[in-house]
Each structure stands twice: as structure tokens, then as C-alpha cells.
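Take a look at these structures.
In what comes next, subunit A is part of two complexes: it sits with subunit B in the first one and with subunit C in the second one.
Right, the complex of A and B next:
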């Protein structure tokens, strides 16, 4: 199994790397990964169906008990079949989709069809497929989370693959913000559950699920993560937005696989935790709302792809209702729906892609009915849409019957009746939007007053080639086959259900269950759907007025954008305040943080004052130094300030003498002389006194900051000297004094330390001096290059306006950019 | 270590910080010089009380002042000098270019503070959402 994950990684990176050469044929390379997975799956399927899951373990850090466990049980088998099966078909489909022939759309999608962009797409999809396999195979909660986030990231990159399109960027950003937020909630939830259960292994949690109020909180976090990923209300807005991605991506990630990750997680956890706390209430409420809202909005779309996207939202809500209850009879319907949905929705997406590719539009108002060569495509579309609508003899009907039957006869949960009504109502809507899809494709919904070019556009559209159509056709064949002979799936579905609910009865799927309550409801659904389709004009009018009445209710989309705007504005205000470009303000902030915070800690360690004065000489020295320092900070003339600094330096030398440090005194004396000479050299050029210029910070503020720093240093010095006396054992200095003569062959201990014991330090110090000297020389020499032909830097800068007018400079820059600045 | 020397270090740091918070490069240099002296006082006093120069055979080692902080302080003195020299050169260059030694506000930072990138990003998302809503109304 690890080999397969690695294979996806290798193939994905290879496809990205070779995108320029391979172009659309990168998808042929990409197809090798799902193909290999499917072959491996066939070798494992027998054992897994018989109830012995395949396991793999990778010991990572043995000492910490870190290991990666993969388990292929019945449910994972079903998910992997979907991920790799659809993945393989999508790869084949994409080779044709990205073919250069593009009669009407070539002006809009040239960038997206660029070979490198296509190669990147193929590689990303393979990487995504690997991450998706990781989700369904991981037996460790944290590993599952990592793969989960990897799918979010690859989804972000795939939606935003055409990075020149602002809509693609906006949609990608929205998708990753919403799923990323959910991901954080999920991580918190998984950690809570893992800690409460004492294990992060899913198989061990299944054996002994934890309970308690803290677990309930964790479960709510997990559900938030699952809801964002599976586009449940109110987090569904990112999924329709994601439709800006090329159709293979939408068909694969945003209908067949990634959006089912949330459903997968809910399905795994529901048997363990559905009875706990608020799980069922949450899942059933959110699932019902999503199923209805998705259906209602799908019915209003004119873009076939958006219609399918809202349809997916609705179906995902349906899956939540089925797999989130934790009841085996209802979960059975969910398992079948997972399969059926993957088959019909991928087909429909592929057909939308074909239409888009051949005509350049997906708008039902511009589709006027295709020529006779489109019969097969139309047949596939009708079968898939009918399966989605729940028409008998098709795969979708089986799952819908099971769902209705499950809720009718085994739905012993609170509110089951309400959920059943929701499912029936939403299924009516599903029938209606499926019909809308078919009618749109046959040109029934075309605008009556269309110009002739539009009519010709669809009538004369080039029919898709066999490679283009084959994936959709083969899925249609599956929809028909499993609809007519559902028994063939018995073992497969039984293994999947058994992995979730070990105590579930053996599965027997039937085409015909007799005149049961479920069949009556199915008939009602079909009848209602037909009525909605026949009276579609009044329905649309009613929906429009309903939408107009709700205009002022904040939708999820608008709330999201408002939140984003608020965050942006707030962030900008904070930045404008904190990062305002003034060095003194930066220094104040740094210095205050660096002093006030430690001061709090120091005060706690303070244990009494040491002696007040060590030696009478100190009183005079310190008095003179403090006076000179104060004078240096007050005097108005530069030269006076420099001399005061020099005075402090020479007095420091005196202090060193009294402390028994003659080397320091000598060095200080020499250096101070040098500094003063340098200072005077520079000052020779500068005007003698400071010109008046408003300081960045008011004087009281500066005094306040300085006092705070002084206070902290005072406390620090006292606390630090106290700490030294508390050290036990021989001190490092004593060792150095003892070994100075025998090891360093020197009498002066300080010198021996510098050149011997801490010789590397001294080498570093010399390097610093060299770097500083090199910098100083090169800085000082700039502007001296007169007479070598061109103007000096100084002259060039003189021509520019003095840079003192900062706001003016910013305004000019913004004017150049022609953007509006809110003030 | 005495309260008096702690006070000296505090005074040097305080006046140094006061100078550091000004716009003039020459005052900033003086400020850094004062802070450098202050940290040397701290280093020196971290070696405990005063003593005799740590030179072997000149006195009893127990009467020595601590040599290790002295070595550290020596390094500190030299490095402070390196930094100061570099700042002198910077001041000289600043004067060469602008005939002044003021540290100006950073134009880039001021510009970033007023940037509009976030708004543009949000506007893209809002425009996309509006388009979808309009499409629905027409359909």
C-alpha cells in the first residue's frame, strides 16, 4: 500500500516536471497510478470481501511509538474503487478534453490549455488521488488529518490552476479558507477523541469508543470539519465557486471523490458515536438543510455545470442523512448511493465538459439541440440524469428505494418522519433539476430570440470522438448494469457495510421489492418531479419572487465575503498602526517589550539589596558618569555630545581600574581616544547643532520609555548579582585561574582567556571588526568618485527631490498605480 | 556588586535609550555608545565584587577579581567600537547624500500600510458571487 502511495507521488511529480514536453499526454502518464491501484485492488478484493482486511505498517520512529498504519477493509475497498476507478476514466477523458481542437472557446481558455498548465493539472490530480487514498486507508487519526489537508491543498491548486483568471483565484481562495478552517476544527476534534480514547488508531477506537462530554465537544469539531469538506450548509458556497476549474477536476475532485471525504469520515464515526450527544441532531439538521437548499438552487441555474454543482451539494446532504445516522439499514442505502452517485455524476460532468469543449458554452439559453451524431452522448446523458432522478431500472433508483425503505421501516430516530419528508421533497427537486439538465441539453430551454449563429453553434457542433466519450459511456454502462442486476454487487456492498456495521444483516439488493411503502413514495417523487418539470415556468417565477423576498437575508456567500472584507480592513488598520515606517516607534515597541516582560519575572526573584557602596571612589566616578551621560542626552551641539560620550568612556576606564581590571582600562582608554577622533572627523562635515525637526515621539513618551528601560536594568543587575552567589561548586573562573599558568603558559589570566581558552571568540571578534571596517570604508568612500566621467551618486540624488516628503512620495506612487485608497 | 553600580548601569541604559529614540543619527550613535558602556558595567559587576588584578604570582588567587567577565567585557568594548565606527560611516554617507543625518521614515513601510491588495482580493470574490446571483435571476 505504501508503494502505491509512493507511486502516486512519483507519477504526480513526474507529470508536473514533464508537463511542457507531454502536454495533455501527461494524463496518460498520470493514468498509470490509478491503473496500478486498480490492479492491486483486484488481487486484494477476494480476501477483503471475505472479511480479512489487508493491513500495512510502517514503523517510523519506533522509540516514540510513531507508526503509519494502513488498513484496507470493505468500506475502504469501496472508496478506493471509486477514487481509482473514476480517476482512471478521468485521466482518459482529460486527454481528449485538453485536445487543441476548440472552435469557440479558444480565445477564453488558451492560458488554461497551455502545455505546462495541463501537465501541472495532471500531476496535481495524481497527487490528489494519492492523498485521497491516504484518507480512506489511514488507520491513524493524525495521518488521516494530514492526508485530509493534502487534498485541500491540491484542490486549492487545481481550482486556481489558471492563475491569470481572477475568478479562479477568488474561488480557490474561498475553497481553501473554508475547508482550511474546517480542517483546523477537525484536528482539534481528532485530538480530543484520540486523547479521550487513549489511542489514535481507528480500529482500536472502534473496539472501545470513548464517551463523555469532552468527546461530544470533539465530535462537534469533527463534524464541522466534515461539513466544510463535504460542502454542507452553511459551508457549501465554495463548491459551486470551484466550478471555474477545468471539467476533469470538477468531475473528479468536486463531485466524485474529495467532497466525499467528509461523508467518509461521518460514515466511519457514525456507528461509534451517533448515539452520543448532539451528533444525530446536527447531522440530520445540516444534511436536510443542505439537501433542500442544494436542490432549490440547482433548479435555478442556467449554467449546466453549476446546476450539477448544486446538485452535488444536494446529494452530499443526502449522503449525510444516510451515512450519519449510525443505523445499518439506512447506511446500506448510503453505501449504494456513494457508488451510484460516483457513476452518474461523473458521467454528467464529463458530458458537460464535452458540450463546453465542442460548443464553447454551457448555458442552457444558448444550446439549441444537437445534430444526429450526438445520439450516443445524449443517450448517456439521459441515462445518467434518470439515474440521478431515481427512475426505476437504473442504479440511482436502487439507492433511493433503499433510503426510503430504511427511513420508513427502520428509522427509529427522533425526527425520522421529518427527514423522510425532506428526502421525498428534495428527491422531487432532484428529479426536476435532472429533467432540467436533459431539457437544456436538448435545446428546450434555449432563448427563443437567439441569433442564428448560436443555433448553428450547437446544431453543427463537432461530435465528440470515441476517446472523449468512452469514459462517460462506460460509466453509463455500469449505471445500467447495476440498475438491472444489482445482485452482482451484493458481496461488495456487504463487505463495505460490514466494515462499518459488523452486526448488519447480509445484503441482498433487488431490482424490484414489490409494492412497498418505499415504492409508493418513489412514485410520488417521480410524479412530483414530472409536475415540477411541466409547470417549470410558474415554478421559476415563484422561485424568483421568493429569492427577491429573501434578498436582504445574508446568504452564506455574502457573509463569507463580509467576513473576509472585515478581516482585510482590520489587518490593514493594524498594519498601518504597527508598521508605520518610523524607526523611533519601532525601537520603542521593541525596547518596551524587551524590558517590561522580563521585569515582571525579575521582580519575583528579587531578594534584598546588596551593599550600598563598595568604595568611596565609586561615588565620585558614578556621579561624574551619570552627569556626563545626562549632559550627552541634553546638549544641543553635536561636538558637545561627542565629548560627553568620550568623558563617560574615560571615566569607565577609571572604574575598571578600581575593579581590578587593568586590561579593560587600557583597552577602554585606547578605544575611547580612537572613537572620539573618528567622531570629530565626521562632525567636521556636519552642521554644529541639531536643526529643529519634530521628533517622531513626544518627549514625555521618550522619557517614559527610557525610565522603564533604566528601571528594568536596575532590577536585573540586582537580581543577577544575587543569583551568582547561589551557584554551588567551583566556578568556571576558578578553573581558568588555576590552569592559566600550567596550560596557557601565561600569568595574565584575562589575556590567556582571550587568546587561548576562548580563542575562537576572539577570532569571531576580529571578523566582526573586519566586516565593520570593510563596510565603513565602502560607505565613506561613496560619493568621492568625482572626475571619472559620469555623475556621482550624490549628484544623481541631488537631482531628485529631497526624500523628506514621505506622504507626498507615497501619494505619487499610488497615483502611478491608479488605485483608490480608502482613508 | 553594589546598588551604586546597578544604578550606574541603569542610568547609562536609560540615557542611551532616550538618545536612541531620536531622529538624528549622531544622537543615535551617542546613545548606542552609552548603552555599550552600560552593558560593560553589567558584565563587570556580574563577576562579583572588586578584587586585585588577576595576574598569577602577583597576589593570592582568592583575592583576584573574576577574570572571565573581564575577557567578555573586553570583547564587548572592541565590538561596540566596530559598530560605532560603522555607524559613523553611515552618518557620513547620509550627510553626503542628503546634507543631513536624519533617519527618515521608511517609505516602503508607509506604502505597505496603505496598500489595497486585500480589498482587491475581496472584490474579486464578491464580483464572482454577484455574477452567479444575477445569472440565477435571469434564468
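Right, the complex of A and C next:
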């Protein structure tokens, strides 16, 4: 398994590096990674389905007990087949998608078709696939988190791959802000759960799940992380924004795999924690809201890709409702839905990409129906959309039937009836937007007064080549096959469900379950969907007036932007207050904190004055020092002040000499000389006299601060000299002097201390010197170089706002135009 | 007779230039003496380095930042890094040889003129300290010094372009 992860890393890096040479064929290189994974999967599948998971362990730091564990159980097997299976198909698809032939009018992605950008895309998608495999295979919570964040980062880079497009940059930023925020919550939650459970191994947590109120808090954090990743309300706004990415990315990351990471995590945890605390309430509420909102919004889109994006949001809510309950019968429906959704949604995205590629538009108002050579494409689209809608004989129907049956007959949770109604209502919406997709593709929704060239654009559009269509066609074949013969999946689904719920009954999927309650509900769904489609004009009008009436309610997009703005404004205010650019205030704050706080501690240890004067020389030296210090504080010119400070230092060196410390004196002398010179160097950049125009802090305050510092140092010196006897013992200095020659081989005890006895300290000090020198140099260089330091937060926000307000833009457009005009 | 001025512009003081030439060499020798004598007499790498720094500052007074830059063959950051490398290496080599960190050894060597001289490996450590200090001083001059020439010549005050900003 580690080999496979490493393979993704190598292939991804190679694809990025060779992008310029390979261009779109970098995807052929990228395809090798999922292909290898699938082959390996086939060798393992037999054992895993029989109930013995494949495990791999990599000892990293043995002493700390750090190891990376990967486990391929039944559920991971299902997820890996989705990740690698769809990944392989997407790679094939992308080779054709990035083909240079583009009809006129497609100016949106020319930059993204640049060979290097395409190679980067291929490599990033491979890296992403590796990270995604890591999520589903990790048996360690922290490893899972690391892979989780890696998918967020690769997703950010993939959305923003076309880095000349401000909308792409803004959408990428929004996506990583939301998922990153969720990632932090997830980390907190995982740590809480890991600490409470005493282990970070998922398999061990499954054996003995922790309980308690702290675990509940951790679970809420985990759910927030899962909700942001899987675009649940109110965190869903990044997913439609992410549709600016090229279609292969949208089809792979933002419908089939990455957005399912949150669902995956919820599915793993639900059997253990669903009964605890507020898990079920949260999952069911959020899942219901997401499913409904996504469906309602999807119904209003004119852009086919956005329609699919909101449809994905809705379906993700559905999955949460199914996999988050922790009940095995309902989870069964969720497992099947995971597979069915991967098949039909990837197909639909690929078809949107084909339409976009061949006509240059995805707007239903500009699609006027395609020529006869598009039959196969249209067939695939109809089958996939029908599967999404839940039409019988297709794969999607099986999962929807299981879901309804699960909630009808086994839904012994609070609010199961409400959830059932939500599922039925949202399924009606799903049918309606699926129908809208098909109608849009057949040109039923086209604007009537279009000019002939526009009509010709789709009528005479070049039909997609076999390579372009093959991936979508093969997924359509799967949708049909598994819809007609669901029994073929029995073992596979059973293994996946068994990994989540070991006690679940053996799975038997049926095409036809008889006239059960679920079938009645399915019929209601289809009937309602047909009605919504037939009466689509009044429905659209009602939706518009409803949206207008609710306009005062802040949408998630607007709240998100408002929050960002508020953060920026607050940060700027705080910075303006705390970092006001006044050096005197900075210095005052630093020295006051550094002196006043220890002063309180010093005063307690103060025990009397030592003998103050030992010889008349002291009086003369100290008198001169006091004079120089006073002079330094009252002279007008800076340079004079610096010289006076130097004088204080030299006199101090004199004091050392009288006390018999030539080494100290020598050092002090040299330091004073150099620092005076450096003072002069710096002072050249400042006015020669102190300015009295606008003192940042008043003179009394300056005096006060100086006195406080002076007093502290005074007390500190007294206490330190008194404390030496208590702490180190009076013999310490004698010990060092005595051992200087025999142990340190030197007569100069000061030097022996520096290079030998306390050599570590010296080594540390010269390291600090080096760091300080680097800091001072870069500071001086920054001061000389002025100007651009990258975009400010405000500029970023201005860029972000129009791009993320997808829904607002749709509202405005719908106000201007009557979309639904019959032909 | 006037010395060749390396920097054009303001008039140079001949006496200052000539005396600095003599002083510079002498102070460098003094700094080396401090470095090598340090183990038994007042001195050491730190003091030696500071003294060498003072010599460098004299060069700055006479020739400006350019003279400082040409004072040593090596760029200042290399000197700084080399110093840390030497010191850390001295600290770590005993570990490689199976001793403790910073363990020092000594050896007496008979030299033709000086007689028996005792070399202590702690000297290498001190040389590192010396180099770090010298490098630090060189970097400070490189960062804050100007190429305008001697300090005495900066007759025109700094233009109020914001570099003289304080107490805003």
C-alpha cells in the first residue's frame, strides 16, 4: 500500500515536471497510478470480501511509538475502487478534453489549455488521488487528518490552476478558507477523541469507543470538519464556486471523491458514536437542510455545470442522512448510493465537459439541440440523469428504494418521519433538476429569439470522438448493468457494510422488491417530479418570488463575505492600535514589561545593601559616570547623547579594572568602542537633533519609564549579588579557579569558563549573534527597499466577492430575463 | 602629495588616511594576540573579534563601506557562517571520536623559535567565536554603512524622505 502511495507521489511529480513536453498526454502518464492501484485492488479484493482486511505498517519513530498503519477493509475497498476507478476514467477523458481543437467562442479556458498548466493539472490530480487513498486507507486519526488537509491543498491548487483568472483564484481561496477552517475543527475533534479513547488507531477505537461529554464536544468538531469538506449547509457555497475549475477536476474532486471524504468520515464514526450526544440531531438536521437547499437551487440554474454542482450538494446531504444514522439498514442504502452517485454524476459532468468543449457554452438558453451524431452522448446523458432521478431499472433507483425502505421500516430514530418526508420532497426536486438537465441538453429550454449562428453552434457541433466519450459510456454501462443485475454487487456491498456494521445482515440487492411502501413512495417521487417538470414555468416563478421575499435573509455566501470583511477590518484596527509605528512606544512597552514584572519578585528577596564604597577611586569613577549619564539624557544632539553613553561604558570598564577583572574591562572597552561607532552609523539616517514637534509620549512618561527601568536594574544588581551566596554556594568561584589549569589547561579562568566549562552557553550565544546579524541586515535592507509587498487583504476580498456570489448573480439574471420560454 | 581617493567627491584627510593604514594593521595584530593569548592571559576570541571590529571601523572612517567590503577576501556572511561552523565543529568532533560534547585536548609542540608551545583544542573554538564577531561587525557595516565616503563629509543633511522617521 505504501508503494501505491509513493507511486502517486512520483507519478504526480513527474507529470508536473514534464508538463511542458507532454502537454495533455501527461494524463496518460497520470493514468498509470490509478491503473496500478486497480490492479493491486483486484489481487486483494478476494481476501477483503471474505472478511480479512489487508494491513500494512510502517514503523516511523519506534521510540515514540509513531507508526503509520494502513488498513484495506471492505468499506475502504469500495472507496478505493471509486477513487481509482473514476480516476482512471477521468485521466482518459482529460486527454481528449484538453485536445487543442476548440471551436470559436471558447475563450474561457485558453489559458488553462497551456501545456504546462495541463501538465500541472494532471500531476496535481494524481497527487490528490494519492492523498484521497491515504484518507480512506489510514488507520490512524492523525494520518487521516494529514491526508485530509493534503486533499484540501491539492483541491485549492486545482481550482486555482488557471492562475490568470481572478474568478478561479477567488473560488480557490474561498474553498480553502472554508475547508481549512473545517480542517482545524476536525483536528481538534480528532485529538479530543484520540485522547479520550487512549488510542488514535481507528480499529482500536472501533473495538472500544470512548464516551462522555468531552467526546461529544470532539464529535461536534469532527462533524464541522466533515460538513465543510462535504459542502453541507451552511458551508456549501465553496462547491458551486469551485466549478470554475476545468471539468475533469470538477468531475473527479468535486463530485466523485473529495467531497465524499466528509461522508466517509461520518460513515466510519456513525456506528460508534451515533447514539452519543447530539450526533444524530446534527447530522439529520444538516443533511436534510442540505438536501433540500441543494435541490431547490439546482432547479434554478441555467448553467448545466452549476446545476450539477448544486445537485451534488443535495446528494451529499442525502448521503449524510443515510450514512450518518449509524443504523445498518439505512447505511446499506448509503453504501449503494456512494457507488451509484459516483457512476451517474461523473458521467453527467463528463457530458457537460463534452458540450462545453464542442460548443463553448454550458448555458441551457444557448443550447438548441444537437445533430444526429450526438445520439450516443445523449443516450448516456439520459440514462445517467434518469439514474440520478431514481427511475426504475437503473442503479440510482436501487439506492433510493433502499433508502426509503430503510427509513420506513427500520428508522427507529427521533424524527425519522420528518427525514423521510424530506427525502421524498428532495427526491422530487432531484427528479425535476435531472429532467431540467435533459431538457436543457435537448434544447427545450433554449431562448427562442436566438440568432442563427447561435443555433448553428449546437446544431452543427462537432460530435465527440470515441476517446472523449468512452469513459462516460462505460460508466453508463455500469449504471445500466448494476441497475438490472444488482445481485452482482452483493458480496462487494456486503463487505463494505460489514466493515462499518459487523452485525449487519447479509446483503441481498434486488431489482424488484414487490409492492412495498418504498415502491409507493418512489412512485410518488416520480409523479411529483413529472408534475414539477411539466409545470416548470409556474414553479420557476414561484421560486423567484420566494427568493425575492427571502432576500433579507443572509445567504451563506453573503455571510461568508461579511465575516471575511469584518475579520479584515478588525485586524486592521487592532494592528493600528497595537502597532502604531512609534518606536518610543514600542521600546517603552518592551522595557516596562521586562522590568516591572521581575521587579515585584526582586523586592521580596532584597536583604540589605552591601558595602558600597571600597576605595576613593570608586567615588571618582561613579561620579563621572553619573555625570555622563545625566548629560546623555539632556543633550540636544543625538550624536552627543551616543558619545555620552559611550563614556558611561568606558567608565564602567574602569570600575572593572579597579576590581581586578581585566578580561571584563577589556571586553567592555571593545564593545563600547564598536557600539559607539555603530550608533554613529545608524544616527546618520536620523535627524541630528531630537524632534520636539510631536512627541509620541509625553516627557513625564519618558522620565517615568526610565526611572522604573533604572530602579529595577539597581534592585536586580543588589539582589543578584546577595543571592549568589545562597544559590551557587560561596565555593563555586573557587572551584572554577582551582580547576581551571588542571581541567581546562588554561591560566585565564574567564576564558576557560567561556570556551570549556560553559562552552555550550558560548555556542548558543554566537548562534544568537548570527541570527541577530541576519535580522539586522534584512531589517536594514527592508528599510531601503520600499513598495509592493503583494496584494492586501482588501484587494483579495474585492476579488473574492463578485466571484463567490454565484447565487446572487443568478438571481439578478433571472430578474432580468424570463428563462422558461416555451418554443 | 595627495593619496588616491578611492571614492570621488569630498576631500580626504591625508593624515587620517595614512595613520589609519598603520593603525589598521597594528590593531589586527593586537586582535590576533588577544585571540591566541586568551587562554592564559586576558583576552580571548570575543575580545579579539571586537578589537578586529574596531580596526574595521577605522577602515570605514577612512574609506567608507567600500573599504570595509574589501577588507577581507570573504563576504561577511561567509565569515559569520564559517565561525559558527568552526565552533560547532569543535564542539561536535569529540563526539565523533567517542568523547563528550566540547571535550578539549591539548598537545605540546616544539617549534623552532617559540620553543615548546602548548596547543589547546579550545583555541579552535575561540577562533570560531572570533570569526563570528568579525563577521557580525562586517555585516553591520554592510547593512547600515553608506558608500558616501568618510563620515566627516556628509555635509548635506539627510533629505526628509522618511528614513529619518521617528515618533510618527
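Heads up, the rule we're going with is that the second predicted complex is superposed on the first by the 598 of 823 C-alpha atoms of A that agree within 3 Å, B and C clash if a C-alpha of one lies under 4 Å from a C-alpha of the other, contacts with A are read in each partner's own complex, and residues count from 1 in each chain.
In this section, a residue touches a chain if its C-beta (ideal position, glycine included) is under 8 Å from a C-beta of that chain, and two chains touch if they have at least 3 such contacts.
Fair warning: this is a prediction, and the values are worked out from it, not measured in the lab.
Engineer: Under the stated touch criterion, which partner chain does A:583 make contact with: subunit B (first), subunit C (second), both, or neither?
Structural biologist: Once the two structures are laid over each other on A, A:583 reaches both partners.
Engineer: Answer with first, second, both or neither: which of subunit B and subunit C does A:214 touch in the superposed model?
Structural biologist: Neither partner.
Engineer: Mind working out whether A:759 is in touch with subunit B, subunit C, both or neither, as first, second, both or neither?
Structural biologist: Only subunit C; A:759 stays clear of subunit B.
Engineer: A:718 contacts which: subunit B (first), subunit C (second), both, neither?
Structural biologist: first
Engineer: Name the contact category of A:748: first (subunit B only), second (subunit C only), both, or neither.
Structural biologist: A:748 sits against subunit B and subunit C alike.
Engineer: Is A:680 in contact with subunit B, with subunit C, with both, or with neither (first, second, both, neither)?
Structural biologist: Second partner only.
Engineer: Quick one: name whichever of subunit B and subunit C touches more residues of subunit A.
Structural biologist: Comparing subunit B with subunit C, the partner touching more subunit A residues is B.
Engineer: Check the residue A:667 against both partner chains and state whether it touches subunit B (first), subunit C (second), both, or neither.
Structural biologist: both
Engineer: Identify the partner contact of A:603: answer first if only subunit B is touched, second if only subunit C is, both if each is, neither if none is.
Structural biologist: In the superposed model, A:603 contacts neither subunit B nor subunit C.
Engineer: Considering only the contact definition stated at the top, list the common interface residues of subunit A for subunit B and subunit C.
Structural biologist: Subunit A residues touching both partners: 580-584, 662-663, 667, 671, 674, 678, 681-682, 685-686, 691, 695-696, 746-748, 750, 754, 762, 769, 772-773, 776-777, 779-780, 783.
Engineer: What does subunit C use to touch subunit A in their complex?
Structural biologist: Touch list, subunit C to subunit A: 34, 38-47, 50-51, 53-54, 57, 60, 77, 80-81, 83-84, 87-88, 91, 101-102, 104, 106, 118, 120, 122, 125-126, 128-129, 132-133, 135-137, 139-146, 151, 154, 157-158, 163-164, 166-168.
Engineer: Once bound in the complex, which stretches of subunit B touch subunit A?
Structural biologist: Contact set of subunit B toward subunit A: 1-24, 26-27, 29-31, 33-34, 37-38, 40-42, 44-58, 61, 64-68, 70-71, 73-75, 77-79, 81-86, 88-93, 95-98, 100-116, 118-119, 121-122, 124-129, 132, 135-139.
Engineer: Enumerate the contact residues on subunit A facing subunit C in the complex.
Structural biologist: Spelled out, the residues of subunit A in touch with subunit C are 580-584, 662-663, 666-667, 670-671, 673-674, 677-678, 680-682, 684-688, 691, 694-696, 744-748, 750-752, 754-756, 759-760, 762-763, 766-767, 769-770, 772-774, 776-777, 779-781, 783.
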